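Okay, so chain A shows up in both of these, paired with chain B first and chain C after.
Up next is the complex of A and B:
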């Protein structure tokens, strides 16, 4: 029932879109029917294969940015959770960086790192790092007192306590942070490729917008949406694999 | 915030700025890459005196307020319906999920093609980027209402309208505020993206103008102002959140 209603909603939306595009607007520089978009997408994927270089370029930027963000965000989040002094000193800078719209940093990063891949990775990094950092911080902070006390009564201390208790307990939070970071990272990719790129999905969209090529514009946007959904699902699977005890807990 | 944390925070900011000033003065001969804070301040002062800053700030603020308030009204309304009626939720869900996963920047070309480059297109961008967060949070708030309260309203024979605005909406208020907090940062991003694409005033325009003319102090003025706007609106909403829902542990960031 629930699935059927969703399906109906999607189908009727697409039909409405088709009718508006062909009967009401009827101007291919404003809006095209979803059928045209699908045909264009098929052509770009299987006939001319022009989509792939863009997809590959964007994927590398995204993966590097995410990876560096995780490598920096997780340890820094832990450090801030475990040492209040570090937190107090880092906090104001972090708040400022976090609440500033990322796009404001794009020109500055471009100025510093050039228009190569480095500045693009930096923009993605800046988008991804905060959700990861904040979630690692909270994960470490909210580790149940009882877990820590159990560890202590087994005479765990220092490194052992960290590896056996604190780290596993905060894994779900870190993964949630990564999942939040996917969306922000994709936005970062689009922003980065908007400034002085020659390939990539962001460039594709930007170029199509400038040349009023509506079908390509729609294809680019759809690919972005699919990537977002795909990344989200992949991380969900990883989450289930990495924290099997949660699932057990839920089924009980 | 306890006193010690505040003191350390101020110390950290002051120390960072001082270090920045000294390093840029000593190491760099050219202000192009990183201007020292004092020249950023000088640039800010110049822009203020010439009235240019006022023009950009008021343009950005106006677009922000228009878009954000539209998003709040529509978002709360639709979110309420989604929370109340299961079928409406199912109907909206696939579209919201799609809309939500598209980066706003990928959306801007469409909006410019359809709505032009005026005020209206900026309001649409801000609306698109903000409304979903508010909608989803409102729906969650309406859904998770404690059934005891609804029973109470039943036994008091409140009319459906009274139940809505005396019970349901106040119960959902903390959720709505959370949605607004999430929305504020995104709304600011939306304004800037829209202004970067096409505008003749606003902080986004200032940003592009400065970066295209290699005027680093001016570029940093724009960045700092955006940071101030971001932090300011965030603190404001957080205060509101603490006031309206003091029992909830509010986010630190």
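Up next is the complex of A and C:
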């Protein structure tokens, strides 16, 4: 039933898009039907395979950026939650960097790190790291006082308290942070590839826009959307594996 | 005379307030609890009984006074685990199954196989065999408190501290759990301090009922419960039960009235 509703929603959206493109706009230099996009996408993926290098380039940038963001964000978030000194030191910088538009960093990162993959990973990293950091921080901060008291009443050592109480209690928050980071990371990929790139989905979209190639532009956007959905699904699977105790909470 | 399992000497807890008199939660509590004794503490809401239990457990530090267990003074949460604590509400770790929750206090202290056996036998004791792999949210409130009890008992504490463990249960489940606790206690043979609002619960379960005054909590009176064990639900209609319940209720009523009057002034 739920699946059927989702399918109807997707199909009716595509039908509406198709109708608007063919009956209302009717100008293929502005908007094309989803059928054209799907056909073009199929061609680029399986016939000419020209999409493939772009997809691979963007995926690597995204994965590296996310990975480094998680490796930095989770421990730093924990440290901030557990140590007021760290919190006070990191907070002003975090707030400033978090609220500054990332696109403003792109040129300078390009200058520092070159036009290769490093500067692009850095831009994705900047997008992903804050939601992960902030969620890890709050996750550990809001661990119910009662759970901590349970640990203390059983005389758990500091390390045991962290491993057995604080860490498992924060896992759902970290996973939520990672999910937020997927969207921001993909935005980072697009931004990164608009500056001095020669491949990648962002480059593809930018190039298609410059040359008024509407079908390719939409293929690029659609692939981004599919990557986002794919990332969410992967995290959903990780979440079910890592927190089996939450599964029934949510369906109730 | 044998050394009491628990002795409180002039225990006081107050919260300092800047520029004001400190906020006194309870004052000069002296209490002795002997081996195998079941002692309940009743009193009006906010009289400091739960806070006192947390001080005994070491979760809070007393402002003054001393706590002795088997004649040894206790300081904070240092030292060996000699107390089991049964919390009021949902204190089971939701990411651990029943068995893993019971194992919490045993991990790293016993070899895994032995710990597993101890945990299983305690789940069995509280009547939850077959629920080892259930997560807390899959259990009813009564079952969750059974796991809570098993977890506290599994560490083989010298004294079991129970903080209104049945307060969140519906009336029928609560009565059933009281009778279950009588059965479990007769098997586990532990020294227990039991905090409750419910006078009948205190009398049904205890050897001795301690009545707290309104805040700042002091011991107002103590009653030995003159009812033989084993007890069952019929004992609630015994005239001695009813009389004791009335006496205790009158005292608590006086305290509640007095605290209302003082707060009106």
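Side notes on the structure shown:
Note that in this section the second predicted complex is superposed on the first by the 220 of 252 C-alpha atoms of A that agree within 3 Å, B and C clash if a C-alpha of one lies under 4 Å from a C-alpha of the other, contacts with A are read in each partner's own complex, and residues count from 1 in each chain.
The rule is short, and it goes like this: a residue touches a chain if its C-beta (ideal position, glycine included) is under 8 Å from a C-beta of that chain, and two chains touch if they have at least 3 such contacts.
As the structure is a computational prediction, the values presented were derived from the model and not from experiment.
The superposed arrangement places chain B and chain C next to each other on chain A without a clash. In the superposition on chain A, A:229 contacts chain B only, with no contact to chain C.
Of the two partner chains placed around the shared chain by superposition, chain C is the only one that A:243 touches, whereas chain B remains out of contact. For chain A, the partner that touches more of its residues is B, with chain B and chain C as the two candidates.
Once the two complexes are laid over each other on the shared chain, residue contacts for A:146 go to chain C alone; chain B is not touched. Legend: residue contacts after superposition of the two complexes on their common chain; A:111 is shown touching chain B, with no touch to chain C. Of the two partner chains, chain C is the only one touched by A:169; chain B is not.
In the superposition on chain A, A:191 makes contact with chain B only, while chain C stays out of contact range. Residue contacts after overlaying the shared chain place A:154 against chain C, while chain B stays out of touching range.
The three-chain arrangement built by superposing both structures on chain A places chain B and chain C 90° apart around the Cα centre of chain A, to the nearest 10.
Minimum Cα-Cα distance between chain B and chain C in the superposed model: 17 Å. Across the two superposed structures, the residue set of chain A contacted by chain B and also by chain C is empty.
Only residues 146-147, 149-156, 160, 164-165, 168-169, 171, 243-246, 248-249 of chain A touch chain C when the two sit together in their complex. Across the interface of their complex, chain B is touched by residues 2, 5-6, 9-10, 13, 29-31, 84-85, 87-105, 107-108, 110-112, 130, 134, 183, 186-187, 189-191, 194, 202, 205-206, 208-210, 212, 214, 217, 220-221, 224-225, 228-229, 232 of chain A.
Interface residues of chain C facing chain A in the complex, by the touch rule stated above, are 57-59, 77, 79-81, 83, 85, 87, 89-91, 93-96, 104-105, 107-108, 135-138, 155. Listing the residues of chain B that touch chain A in their complex gives 4-5, 8-13, 16, 32-34, 87, 90-95, 97-98, 100-110, 112-114, 185, 188-189, 192-193, 196, 204, 207-208, 210-211, 216, 219-220, 222-223, 226-227, 230-231, 233-234, 253.
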